[in-house]
Each structure stands twice: as structure tokens, then as C-alpha cells.
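One structure is given below, represented as C-alpha cells, and several questions about it will come after.
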Amino acid sequence: MNGKHKLNVSAAAMLLLFGGLVYSVKTGGAPADGEISGTVKLDGTPPHMKGIDMSKDPYCVKFHQNGPPVRLEDVVVGEGGGLENVVLYISEGLSAAELSKVPSGPPPEFDQKGCMYTPHVLPMDVNQKYQVVTSDTTTHNIHPLPNPMTGNIPWNESQPAGAPPIVKAWQHEEVAIPVKCNIHPWMHGYFVVVKGPYGVTDDKGSYTIKGLPPGNYTVTAWHEQYGTQTQKVTVAAGKPATANFSFKAK
Amino acid sequence: MAPILDDLLTVKPPDVPDKTADIDNGGGNEQIPVAPTGRRLADYSPPPSSTAIWVVIAAITMTFAALTSALIIRQASSVDWRHLTLPRILYANTLVLILSSITLTIARHRLTSSRSAGERQAGHRGQWLYATLFLGLLFVGGQWVAWMQLRAQGLYLATNPNSSFFYVLTVAHALHILGGLCGLAYVIRKLNRGVLRKSTLDAAARYWHFVDLLWIYLLMLLWVKI
Amino acid sequence: MATPHAVHHHAPPSGFLRKYVFSLDHKVIGKQYYDLALLAVIIGMILSWLMRLHLGWTNFAIPGLHFLTKSGAPGNIMTPEFYLQLMTMHGTIMVFFVLTTAPFAAFGNYFLPIQVGAEDMPFPHFNMMSFWVTCVGFLVLISSFVFSDGPTLAGWTQYAPLSAVGAVAGPGQGLGEVLWASSIGLFCIGQLLGSLNFISTTLDLRTKGMSLMRLPYTVWAWFITSCMGLGAFAVLMPACIFLILDHVAGTSFFVPSNLVINDQLQPHAGGSTLLWQHLFWFFGHPEVYIAIIPAMGITSHILSNNIRRPLLSYKVILGSMVTLALLSYMVYGHHMFVSGMNPVSSLAFSFPTLIITIPATIMVLIWIGSLYGSKIRINSASLFALGFISMFVSGGVSGFFLAQPSIDIMLHATYFVVGHFHLVMAVAAIFGIFAGTYFWFPKMFGRMMNETLGKIHFWLTFVGAYCIFMPFHYIGIAGNVRRYQAFVDDYLQPLIPVHRFITVAALLTGAAQLIFLYNFFHSRFWGKPAPANPWECTSLEWSTPSSPPPFDNFGPNLPVVYHDAYQYGVQSSTGDYLMQASPEQLPAAKQ
Amino acid sequence: MAKLFAVTIILVAILSAIPILIHKWDMPPDISTHGALIDKQMSETMLEAGIAFLAAQFILAIFIWKYSNRSKEAKIRTFPGGARVLVVAAFLLVGTEVLALGVFGAKAWGEEYFRPPSPDAMPIQVQAGQFAFYFRYPGPDGKFGATHPAMISEATENFFGLDPNDPAGKDDIVTAEMAIPVNREIHLLMHSKDVGHSFFVPELRVHQDFVPGLDLSVHFTATKPGKYEIVCTQLCGLGHYNMKAYLYVFSQQDFDDWLKKEAALQ
């Protein structure tokens, strides 16, 4: 979170310098420090998540032998029904300049730890650099499968233990790109490539989208199992807006 | 009559030194030859082209045998085999091709039968060869029409296994026909330059009749419902 | 169609291009093939070093490895896909562009016309095309290192559907795969053109008195190989075309229905995966003999020259070679014993496979038996020829195991198979090539190679080859599966030390080849000039007016042959041998 | 030089034979009912091939030792009997040898492949995919549920594409490792979901390729409890080296417990 915080602040600073003119028309030059926050909940009993049998690769088994049994992460519900791994982004209302802006700062990190992806869902901006790293001593393979229609180029590379991070970026918006490890079939996650500011829910289901200039926006919440929901939100200068979502358990 | 002259179909003497030397080259001859020198490439009757053409035919036969077995295995194993009705024009093409073989036979007869090289040249400028050439081109054109008709029906290379095989086999065969046409063109050029050898003509003719038969075989292969 | 006219007034070529690049001269083409094979074998050997290093010490960073690949070596550590890509390229390069081109196309082109006493091949233009098509094929194959995500990783056998479904199946399975298939298709065309020339040269261009039974073993070997090539390459080519179509045209020749890869249901339907295996192995097994029969011919030729007596029976050797060639088409199914083929046909294929050991054994016995009471002359060429016999035996006996489906249950796709075919096909054939090189070098380049270096090269190679490939059999019996980039299975851990031993042996033996390269290139330009007939050999290549022979081989008059090719151990005016072309008659021609 | 060569050949031959003779790296012990014949076949072939190998190398070495670098006037002699005796020898020795091997080998092969599985053999389904095996047990109802390739999803661990609406599939147990009861014949139903794979358990003497588009099956009986490894031997892509699963041979009791444990994980 901290990284993202810095990232958005600096983004805002950049905006003041370059984008000033554009916004003076709409918002009277107010700083783009508006933010939308809220929580995403899951109504009803969360579905049973199958356990993962990693016996194929003894390394993975050893990694988890003292921990709780590993389960799928399609639906992860924290205390109070907070739904984790929901990506929230602005689907309408951003100006062209905002859309084309690429966040600077350290690239978001997609780690392979104990033969699982952390985070399970990695949101990022179009053309924003992201890096895939491995904390495991077994060889992994990263194979994102974007929809060919979007123009994103699929790639398929292995990462042996001790190999340097793989740093890449996606050229086009796509919600969402499934990521697989061909060597460990259960390893599975998502890249969510959006335009403009975004947020992702933590284990309590709460999120924040930072760095928004005042204006009227449509916020879209996406979850890999429950699809998308949208809300209209107005961000006034200086005071944070809230938008809470709740998905129905199937 | 010396083998060289016999082999050459025109009065214009070949630009070959006539080293007539004709000993049995068959396996296992132990008698010691007398002539002071061995023979050079050009002295051969028939020259290697007649062997070579059989080699070529053998190779092509193997290729199409492989394609055939592929077709049979594929048809046996497949769940999605749909029989396609061959375009009518194929039968017309077949007639054209058979006709071309006939014209070629006539051409060869005309070129080789008459007594002396002089008559040959006087009597004949290879019209029948041109006829064969034309018929060959007509056949290829006809095949093209057939492909267009199938496309019109929405049958493309990948539509179903049967259409795949149809295109692969017919295109492969058409390419071999084009090769044969080049051979004929070469023969005509030689004839006009007055240096056509009987063996060359024979080789071209042998190849042409072969691809002709090959087509009839393919037509039956594509026609029968296995 | 070219005709004899193309060459019958065989003027000396003029101009650099015609002389050295697009030459019509079979000798130049032969050298071009040899140099291509040399380049290919160097590349192939380097690839094998990288693989061996990785197998011995996985996750060992090989300096500079990342220059070979875009994403295959992050931090110079070899990824699984890159290992498989190297393996595929090693196999393809070695089998097609070394073991087929060097003993067959290279030596054959150079010496077949000379040994039958012809001034050139009948269709020089086809001959030139044959080389350049092959060369383009090689470049296409190598180019796949550069494009997209590298070469195909499906192994040189390219089993469908892994090879046919496309990029979704793994790195290199998109463009790399298409490049592979195109390259091999081109290679087939090149070899077919070559065979065309070889066959018609042997049948039609033999000089006066050169009856079939007077041909040297080498000519027979090349002739038989060409005939096999006709069958094999003419079958592989359509298979490659099908493969390309499955990629670019969306057909389904080899891809069955309902394949799910990366959770995506594949669009193909109805194809047959065994179809590829049948087509491939119908080519693939004869290909093994295409690689080894020329080596057999070369060995027999050099052996009888260096033991100063004819082999025990000319006809038996010929008969065995022909039998091998014929049987090789009936045994290909032994590659597919456990591949879901009908178990009855597995047995049907196993018997001819066992029977094929009989002609092979006969040849070995003839070779060894001929040594009895002979006068063996030790030089680099003869050492490699004798080494060939030893290697051929060592690699051959493991055939007894693999010919039996029941034992194949244990040994299929293990290192035992790898050891078997490396010894019997690769190393043996390479020994034949080395023997031929040391033997014919004086004729090809007019200079002698350094004997001492040659012998050192032999010792290191002979011992090294055994150190590398014998252990393969042991770990194979222990169940070590081939084509693994690392040994993560518990029961394979104890075998890793053996792999390290093999790796070290491979690196040293590879280094020994540098001696050969130095010897080859140094002697090629600065070696001491060769006498007319340094080995006191009888066949026609030693009757040419000069070394290397003039553009038309024998000058104005082609030689006339009076004797069979192996008049050794006789008392003639020249010594204990009698040239094929010498009119001298012996009171009682010793046989 | 020649003598050195002869000695080298002999040394190489002996050194090559030693690891075999002392069983340094041997086949893993057989735990199947049908494997005995295969092992017998193996050792017989090893004996005959070994003799052929040593004999050939030794004679080669001896001849090289004796007949190289002889003096000019030494006269050339021909092998007694010449080629004929050698050809006859080859036909007699090798001919009979390969015939024997072929016939007995056929018997060993038939033991596994011509004998149909007994009707009460326990059916287990194995699916090979890039790059893991997954196994399916029919569960209490003894029936495998319907599967649809389109439903296969590793993301949600529906490895077989089980049809959720098929009651027969409700109690199917899908596992990543294989367990079988000892001394019970197993009928293994094999299919591949993507490319070619192979099922190889050295100790079981079972080796069968998965051929996409073909449903194959093997049957075997394990006689010794323990933990063994199933490996893939057919090149299937970048993860080939890591495509493996463990095979547990349990007593009936342990097997039932294991099934319960796995069922809980579904």
C-alpha cells in the first residue's frame, strides 16, 4: 500500500505541473488529491474452496507442511464478510490526460511464494511496468493468457530459482488476464490492466482509489468469480467519497 | 546407324565429338575393353535422363503413397469426416489430360518414326507438342476453376479433413503438372534449336504419362467413399 | 529437366561465383557439403556442451548464455524450455545436417563420380540446387534461434500434437515449429535432388570396364543410401507439409478433437496423432541406416586398403548392406512399442527388428575375420576404421534389448536408448567420417594431414566416446528418463553424479575435437604436399592426374578399368597392390 | 601403437562390463505380478548381448595385436573357411539367439498386453495433462460421472471437466497422487487432455503412452506396499521433467482411510 501511496501522490504532483490547464477548466485548478474508498462485502455463505494437493512437487509440500492446508483463492472472505481480491477502477469520467497517465514509482510486484501467487490478483495501469519475482527454490513458469482480441501479446517464460525479476508491461486495457504456471497446474492468478487510478480490496474488503481530481465518476468493481458491479460517485474537492459494494454468493 | 545419330532427332549434328564406343556396361562383365579411352557423358545412349526420370517417378510415387496412407488413416480415425461431392469440371479436366497424353504420343510418333532426320525436320515443327502444352495449361486452369467452385461452396482448406486432403492432393498434383509443362517447353526449345535428343523426348513423355495416370488414380481416390 | 548437354563439353569454370559459390563441379559441391557439415557439427556439439553442463549442475549460470536467447536464460540460468530447445536443435542439426550430409552428400558428391570414372554428375544444376537448398534449410533452422520465442522444443521426433497445436503448447511451438518443418521440408528436397544424381551416376556414368561388381564398397553404399533416401525423404516431406498446414491453415491432420491446453478448448478436431508417428518413423528408421551405411562403405573401403588384402567376401558385404536397407523399412514400428499401437503389431515389428541384427552381425564378422592373417597398417584412417567396428559392436548389442517390446517396457525413452543410438548411429558414423577425412584429405586438398595429431585425436575420441556413452546405458537400466532438464524425482537423485561424470567426459572429448579442427585447417593450407597415391590404394580416385583432381577429374581421357577395386596382397610391378586402371595382368589374379 | 590399441579395446570392454556384473545401477526391484518374466527376459538378453559384446571386442583386439605392422615378407593368410563359415556362424548363433529372444519376449509381452483385466479389477481413471497426472476414483457408487472437455478448468480445480449436474459424478474423488490397495488388480483407464504423455512406474514394470484422442488402458497388480514414483516419459513440453506423481501401495485398510481423507478435500 505504501508504495502505491507514494506513487499516487507523486502522480498528483505531476498532474499539478503538467495537467493543470486541463483541470482548471473543469475543477478550477483544484489538486487531484480526491479519493474514493469503501468496502466490498460478500452476502451469504462463502462457497467451499477446494484444497490444493501439491504432492507433485515436494518443495511446495514442504513449504506448507506446518501451515494450514492450502486452498483455492477464487473467493477469499475476511472477517465481517469482507471480500478480498476485488479490483476497483474508474470506468467512466476520467479525462483523456488522466487516462493516458502512467503511474511512476516502483513497479507492482507479483511474487511466487510456496507455489502460490501473491497477490492472487495484481491490478496495474496500461503501460505501467510490473515485475514477476520468485521466492521459491523450485522453477516456476509464468504464462499469462490475454484475450487475443485485446491486442495484448501473450508470453510464456520460466523463472528458475535465483533468476532476476521479469519486468514487463501490458499495452492494452484488459480485465482480466488469467496467469498460470504450467509447471504447477494449481498456480493461478490474474493481471487486471485498467486505465487511470485503481484500488484493490484487502483481507477486510476495504479499498481506496487515490489521486482523483474532483468530478463525477463511475466506479467498477471486478471479482474473478462474481463479475462486475458499478456505482456512480461524485468526488468533491478535498473531501473523500465512499462507495461500498456487495456481491451475492452464488 | 551410329547410336549418337540415332539418338539425335535432327539433321544438325550435335556439338559432340563422336567417340563411338559402346560396350556392355551391365553387371559382372569381366572381359577387358579394347578402346583406348573411356566414354564421356555425351557419348551415352541413352543418356542418364532416362534413368533419372524413373528415379523421379519413384520419388513422386512414394510421396503420393504417403499422402494416400495418410488419407486412409485420417479417414479411419476421424469423427468429422464429411464426404464432398467433386466438382463436375474435374471429369472434364480428366478428359483434357488424357487428350494431352494422346497428342504427346502422336508428337513422339511423328518425331521418331520417319526414316531420316531430314524428313523429320521438314515434316514436323512440333505442332503436337504445342497442342500438348496447351492442353496441359487448360487442365491447370480447369483445376483452378474447380478450387474456385469449392470456395464458392464455402469449402476451404481447413473446413473439414476431406476438403483438406482434396486441396493438398490436387495442388500437389497440379504442381507436378506444371513441372511437366516446363519439361515440355524445354523439349520444344531443344527441337527448335535442332538439338533435341530422342532420350530427352522419351523422358518428358514418360513423365507426362505418369502424372496423367497419377491424376486418374487421385480422382478415384477422392471419388470413392472408403 | 537438365540433360547431359549441360556438361558434355565440360569447360573449366570461370569467375569466382561459378568456381566457388554456385559451382557445378561435384568436387566443389562435395567440399561445400563437408564444410556445411563441419559448421553444423560444431554448433551441434556446443549445444550439447550447454545441455550437459545444465544436466550436471542445474541452475549453474553459464556465462554469456543469454546471448543465445531472448528469454531462455534469465541471469544465464537455463530455463526448462530453453534446455528442450537446445536438445531439439542438437538432435535435428546432428541427424539431418551432419550424419546425413557428411558421409553421404559430402564424400558421395566428391568421390562417387571419380570412383566410377566419370567426369561429373549427369545433372550438375540439380547437384548445385541440392546443396543450396540444403544450405537454406540449415539457415532457416538456425534462424529460429532469433525469431519469436526461439526454436521448437518438441524434440527432433516432433511428436504430434505437441508439435501441431501451436504456440499455446509452449515456447517455440508457434513460429519456431513452422521454421523447423520448413527447414526439414527443404532438406528433403535437397537430398532427393542429390539421390537423383547419385543413382543415375552409378547406373549410367560408369567408365569402360567398370562393371557393377567392380565398384568400390563406397559407391555401393552411396547408391544404396540414395535409393533409401528416395523412399524416406519423399515420405517425410508430405508429413512436414501437413505439419505446416496444421499451423498456418488451421487444418487438423495430426490434432485430435477435444484437446484442452491452458484451460482453452482447442479448435482442431478429428486428427490422428499416431499418423505423424507412422509417417515420421517410416522416414526415421531408414534415416538411421542412411547415416550408417555410407560409414560402413567407407570403413570397408579403408579397411581393405589398410589390411592390404581384400575383405573376405565382396558379395556378402553388398548383400548385407542391401538387406539392411530393405529391412530398415519393415522395422520402424519398434519406436512405437508402448505408444498405443496394437500390441500384436508391436510383436510383428519386433521380429524383423531382431532379424536385422543378422546382416549387421555378418558384416562385423566379415570385417573382423578379414583381419585374420592380414597386414594391418596403423594410421589415423585405419585407427578410426577399426574404431568404427568397436563402436558399431558396442552400440549394436544394445539393439538386442530394444528390439523386444517386453524389455522396451523398462527401457523405452530412457538413457539406454540415448546411449544405444548415440553409439551405433552417431559415434560410429562420425568415426566413419573421421576415417574418410584422414583417408581422402590428400586427394581433396592435395596435402597431408598431420599423422601424430591424428593419432592423438583418435585416442582421446575413442576413450572419450566410451566414457560418455557407456554410462548412458547403466543409468538407463536404472530407469533414468531421457529429455529431462533436471532430475527432480527421488529415484533419480543418486544418478546425478553419473551425469556429472558424463558431462566432464563430454567436455574433454569435445575439447579433443579442437585438435582435429586445428589439424584439418592447418593441413588444408600448410600441410606438406601429398604424393599421388599416399595409401597405395587401388580405386580410381587415386588414378587422377593430380590431387585435387582437375575440373573434369581425369583430363581428356577417362580411365578404363581392368580389375575389381580391391587387388591387394598381390605381386605386381607396383608392389602388393594393383590399380583398377592399370592394364597389367597377373598370372593368377589373387582374390 | 597397435598393441596399445588392442589393450585399450580389451580394457574398455572389461570396464564397460563391470558395472553390469556388480549390479551397480540395477533395475528397481519388481513389485508386480507380471514383471518376473520381463526381468528374466532382461537378464537372459543381458547375458547373450554381454557375451557377444565381449567376444567381438576381444577377438578384434587379438587380431589387431597379432596382425599389425607385420614384416614385408610375412605372407597373407585367409581366415579358415573364409566368409562362408562366418555367414553360417552368424545365421546359426545370432539366428537362434534372436529367435529364442523373440519367442520368450513375446510371452513376457503377452503376459501384460494379451491377458485381459479380470472383471473385478478396480477401475481407476488417470488423466495426463501439461504437466501433471490427476486420478479419479468412482467413489461409493462405483460409477464415474460424465465429463466435458469444455468444462475442464485448472483454475477451479475441475481437472477432469466433471459435469456438476451428473449425480454419478457427485461422489467421484479426484486426487493428485495415486493410491492402490496391495494384491488387488487395478484397471487403469488412461486418457490425455492435451498432448502425448506416458505413464511409467519402473517398479511396477508398467509403461504406456497416453495418446490424445485414444482411450487406452493397462492393468496390473502391486504386491509390495510402499511409496513409488509415476513419471512421464513422453516429451510433453517445458514441464516434462517435473511431470510426476506418487504412487502409494497401501493395505486395504490404509487405502480406505486414504480415500476418506481425499474425499474430504474435494
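Order of writing sets the labels: A, B, C and D. Residues in every chain begin at 1.
In the analysis below, a residue touches a chain if its C-beta (ideal position, glycine included) is under 8 Å from a C-beta of that chain, and two chains touch if they have at least 3 such contacts.
As the structure is a computational prediction, the values presented were derived from the model and not from experiment.
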If you tally the C-beta contacts for C-D and for A-D, which one comes out higher? C-D
Cα centroid separation, chain B vs chain D, in Å, comes to 50
Chain C to chain D: how many Å between their CA centres? 29
At what distance in angstrom does the C-alpha mean of chain D lie from that of chain A? 47
Mind checking the centre-to-centre distance between chain A and chain B? Centres are C-alpha means, answer in whole Å. 67
Taking each residue of chain D in turn, which ones touch at least two of the other chains? 129-130, 154-155, 213, 237-239, 242, 244
Touching at least 2 other chains, the residues of chain A are 57, 139, 141, 158, 178, 180, 182-183
Touching at least 2 other chains, the residues of chain C are 79-81, 170-171, 256-257, 262-263, 271-272, 274, 486, 488, 490
So the touching chain pairs work out to A-C, A-D, B-C, C-D
Residue ranges of chain A touching chain D (in the complex, touch as defined): 50-57, 69, 72, 74, 139, 141, 158, 178, 180, 182-183, 185-186, 188
Which residues of chain D touch chain C in the complex? 1-2, 5, 8-9, 12, 16, 19-20, 24-28, 37-38, 41-42, 45-46, 48-50, 52-53, 56-57, 59-60, 63-64, 67-70, 74, 76-79, 82-83, 86-87, 89-91, 93-95, 98-99, 101-102, 105-106, 108-114, 129-130, 149-150, 152-155, 161, 193-196, 198, 200, 202, 205-214, 216, 229, 231-242, 244
Looking at the complex, which residues from chain C come into contact with chain A? 59, 71, 74-75, 77-81, 149, 167, 170-171, 262-264, 486, 488, 490
Touching chain C in the complex, chain B uses residues 15-16, 21, 23, 25-30, 32-33, 35-42, 44, 47-49, 51-53, 55-56, 58-60, 62-63, 65-67, 69-70, 73-74, 77-81, 157-158, 161, 164, 168, 172, 183, 186, 190, 195, 197, 200, 203-204, 207
State the interface residues of chain C toward chain B in the complex, per the touch definition above. 1, 3-5, 7-10, 117-120, 122-123, 192, 195-196, 199-201, 203-213, 230-231, 234-235, 237-239, 241-242, 245, 249-253, 256-257, 269-272, 274-275, 278-279, 282, 554, 556-560, 562, 583
